[in-house]
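Across the two complexes that follow, chain A remains constant while its partner is chain B and subsequently chain C.
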Partner chain A sequence: MSDRVEIIAGERPIREINREIRAAVAEGEPVVVRDTLSRHNLGIGLAEGADIRFEGSVGYYCGGLNNGGTVHVTRNAGWGTGEAMAKGHITVDGYAGMSVGASMRGGIIHVKGDAGPRCGVAMKGGDIVVEGTVGFLTGFMAHTGRIIAVGGAGEACGDSLWGGEVWVGGPIHSLGVDSKVIEPEADEVADVERLLASLGIDGSHDWKKIVSAQRLWHFESRDASAWLMI
Partner chain B sequence: MCGIAGRICAPPGRVGHDLVELMQAQRHRGSDSTGFGLYGIPRDTGYVVRAVAAERSRLSTLLDSFLEATRAHGADFSADPTWDELSQKHVSVRAEITEPSDSVEAWLADADHIDGFEIQSVGRSLEIVKDLGDAYAVADKHGVRDFIGTHGIANARMATESFVSPTASHPFWARPYPDIAIVHNGQLTNYFLLTDKLVRKGYDFKTQNDSEVIAIWLSDQMAAGRTLVESLELSKTALDGCFTYILATPDTLGFAKDKFAIKPLVVVEEESGSVAIGTEEQAVRKVYRDEIDVINYDGPLISATWAVPQAVPA
Partner chain C sequence: MADDLTGGYQYPFPMPDEDDVAMSDGAVHGRPPGVPSSYEAGRSIRWTPDSIAEVHALSRLGRYQIRGFTTDNTRFPTFDDLTFVPASLTRLPLEGYRENCDTRTVLGGGRPDLVSAPLELGIPIYIASMSFGALSASAKAALGYGASKVGSLTCTGEGGMLEDEREASNKLVYQMTPSRYMLDLEHLRQADGIEIVVGQGAKPGTGGLLLGMKVSERVAGMRSLPLGVDQRSTVRHPDFLGADDLQVKIEELREATDYKVPIFVKMGATRPRFDVAIAAKAGADVIVVDGAEGGTGASPELLINHTGIPTITAIKAAREALEDCGMADEVSLVAAGGIRSGVDAAKCLALGADCVMIGTAALVALGCNSPRYLDDYEALGTAPGQCHHCHTGRCPVGITTQDPELETRMHVAAGAERVARYLTAMTMEITLLAKACGKSSVHNLEMEDLRALSLEASAFTGVKLAGIDRPFGW
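Let's look at the complex of A and B:
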């Protein structure tokens, strides 16, 4: 029923599993990994053209350092999914744990459920799209890149943003330190809607764009109280 | 880092075995020491004591001192004490005693101050087993897998605030309150101040470990009339640092988490009342191998409790 190369993870060493994934990718074969047991470090450093489906939940850092591969997790993902990825496309059907897309530089991470705290922490490029809500401290210290939370955002949204953007289509529980909501330009909204449409998501929302208020970019003693909140 | 775990078995069952698996799966989070706080079937009267004697060569002298201090409070061994027969310098001792005629506190004021003999837990059912090495090493040495009980907690430690030793590892017993213990993942930054206040109130601390204060602080709150839930709630801001800890009492497991929300907790709850708790989901999957719905307690300033179905006293 599946024309994919099948790899059973189980209790085997992660290095062995990742070697098998890389070997299949080198042959140009799409892969399905079963019996994932929420294990860490699955599908790290994938090359351009890799197409991996993880049947079940995965642990920490799945798809980390991705360099152009396509990753699909059919249930939940743990901490640091797609950490430091350069390019590629990661889809999580369920809940993406803490720090999804941490330090990512490019590519797309698409979460169909909710995302945990510190979504897109220190990201330096690319897009994170969360159909549900994003958790506490979303976009914490994001340099560049875009986080799009269709369903809403939790506490301290956009805390200590540098140059990144957080787009929220639903309610925002609270804004973080030194972040502000601004009115997006029509062409920016069109770009977000185009991206969502490419993922099969209705993009017609009352978008709130959160950016840095830039008070923390340079230290000034009159802002000491804001710094102390961090 | 550190990893923590909790387990409720409904009906009572292989809580030792399950906690060993939960911890071995998290050994990469720190395995300089591993500890288990296990709740067996509670006794009506008397206590089970777990202790560590610092020097094997002095074991019989230390046991004599302990027995003398115990007899001075109208209690006695209700069974011959047992200990590990390995060649390590420290010895882990298990003893059962009858009810002290005055109070546990009065008895501990003597029995818990024997130089070189440190009590690790006292309880109707609680037994704390903690030692150097990863979960399998500690389990092999102390027979943890065979432990049958209602519930328990465990910790794999990566020492950050104090030295590596069996006594400075987790779980920490809420000395002198029987049957209360905690495990902790994180660091506290105000432990010195809290400890100092509690010492002034007469509490006794045995280590420099930041986590030791959690169990005693919570017990002090409860002794002052707060409920367990209120105490957990208050701890979220009274403790400073980054932490996720699990509190165990004879009838409840509870947890609380700080405002930074960086220490994860993953929980599986069964309709039967059985619960498995771990820092990482992959550890919980050692107990529940199939894909299962987990609760991720990922947000800031949260706490929860789970009731332990009560066993019939033996």
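Let's look at the complex of A and C:
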């Protein structure tokens, strides 16, 4: 038995499950959720101090809109894990589906297996660490923040980045539109390695850092007069 | 030549002078009368002066043109193609100047189990989502205060929640666009409704556009964008694709906001009969259908002019879709796109909308296209009454700009009062028509209160043709 408040998800209404999670969090209790059945929308909008372990796999948006909670998924996670997270820490022991950390603004998401396509899409801050590989269009239109794919990246990596960085420790299938690989500075590498070490990951890799080539930042002119109708 | 037609006939006089045949005497030099009019400029319906100029523009720029405002496609049927047929003997009118006509409007009231705080408005009109970024902060605040005064609401638009607007608006709908700029749990929880955007009437199928001139420090900060970039937003949402995912997303938003506020889905009108059914099935409490006449802060001009279907045609299709899936009582329908007055709004209600939303008209009430600061219009190559230069960020009246100096021309208090009066006047127009049609609530306006003035309008909407009292049959 654990010293956590135990919540059995099963087939019960998601509203009921989340209400129980929130109630336990409000009491300052850590929670374990069992029988998760890959249910969608588990642990949405968690508050600072929440500490939830999902025993099993979860569906879409687990830990979505996280506002400071710690979430641990012991198996796999569906789409949009930790989407729009502002702060907090999410760990997925298995694989994660599409759009991990979509539009997140802060905090850390750590996926121990592989992550699907569009990892870190529209990301606006924070760190995503994937120990395995990431799928196609990783970092699509990300603004700021860091995506670290230790094992490698699929097609169109770093496509249409505004800002933000994609770090890849393994092979990259192809680069996306308007992205380029640059040589990272030593202190940046040290920072990445420190982050990985804090997650128990060996950070010594031949890192490739992908950033925006900034050709898509502008149509052609920043001068208003060029945009008068002619 | 047809010489043989003359059969060898000879005039009993000498052949006339060619100059005399051409009626040259007394004519303008070099331009004899009798030149066929088809040689005159601009007679081709295909190669009009405008379409010729367009090719010249494209061939000079090497790109499409971008602008703000709304469509100038003249082929759309308009609200003016419909007229009201008030009560006479078959129906009893209400006293227009005395009796009451209810204007209260509830959005998202059909699902008390999922929405504990539906939006209750005093009037059936609200202010459309127009982003801070497209609009100045002063314009946003003015719209908020004006709407609050008459019990209406405003909607954030793409760029996140602006404090000035949250403060000004008693009721504020938070818009969640695909770009998710500054999406924040606290902001979601401060909102009185949440709108998921899948499209916009002026440019369905494409995302937001804000040229670098308007991506000021404050705008860039809120959107976490590099200063001054030409922001071309995504059109697909980052974490859902199809209808099934949308359903999960809507549930997530309800979880995040504890089943309080209604969830809106806004779409550009393209295939409303099907799209509205999908949105309703996915769980939207309010569906906003924005017709092709809808306004924009900046879009490729070809999209403004040549995409989407007209508002009057979309409302009918949307209403029928809700009825077909048995969800008419559960889901509220909002219509938008090209609404200029209470008369247009009343027609939308009669066609089946529960409420209407105005964008451009609200800006005009604030002072858009007003004849002031003429030099600044001229500098943009335009004039009051024909300006569509919101995309440049050089709005002569301070509405669609981020330039601090231009923005001072947008007086918040005066703008708020103009918006409040305009919304009041629009509401009076609606109630005047409703009462003439014998309706004690504006929501009782119905198709039978309308007649179509053109075959097209009748065929598009199913409204009966004037005089014939039958819809154009297929």
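Methods note: the second predicted complex is superposed on the first by the 219 of 230 C-alpha atoms of A that agree within 3 Å, B and C clash if a C-alpha of one lies under 4 Å from a C-alpha of the other, contacts with A are read in each partner's own complex, and residues count from 1 in each chain.
In this text, a contact is a pair of C-beta atoms (placed from the backbone, for glycine too) under 8 Å apart; a residue touches a chain by one contact, two chains touch by 3 or more.
Keep in mind that this is a model prediction, so the values were computed, not measured.
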item	value
Chain B versus chain C as contact partner of A:Asn18, first or second or both or neither	second
Which superposed partner A:Met98 touches (first chain B, second chain C, both, neither)	both
Which of chain B and chain C A:Ala213 touches, first, second, both or neither	neither
Partner chain in contact with A:Tyr60 - chain B first, chain C second, else both or neither	both
Touching partner for A:Gly125 - first (chain B), second (chain C), both, neither	second
Which of chain B and chain C A:Ser38 touches, first, second, both or neither	first
Chain A residues touched by each partner, larger count belonging to chain B or chain C	C
Which of chain B and chain C A:Gly116 touches, first, second, both or neither	first
Partner chain(s) touched by A:Gly154 [first = chain B, second = chain C, both, neither]	first
Chain B/chain C common contact set on chain A	40, 59-60, 79, 98
Chain C contact footprint on chain A (complex, rising order)	14-15, 18, 40-41, 44-45, 59-61, 64-65, 67, 79-80, 83-84, 86, 98-99, 102-103, 105, 118, 121-122, 124-125, 140-141, 143-144, 162-163, 216-220, 222, 224, 227-230
Chain A residues within the chain B interface of the complex	37-40, 56-57, 59-60, 75-76, 78-79, 95, 97-98, 116-117, 135-137, 154-155
Complex interface listing, chain C residues touching chain A	57, 60-61, 63, 65-67, 178-186, 188, 211-213, 223-226, 228-230, 232, 234, 238-240, 245, 248-249, 251-252, 254-256, 259, 301, 380-381, 388-389, 391-394
Chain B to chain A touching residues, read off their complex	261-262, 264, 280-282, 284-285, 289, 291, 294, 296, 298-300
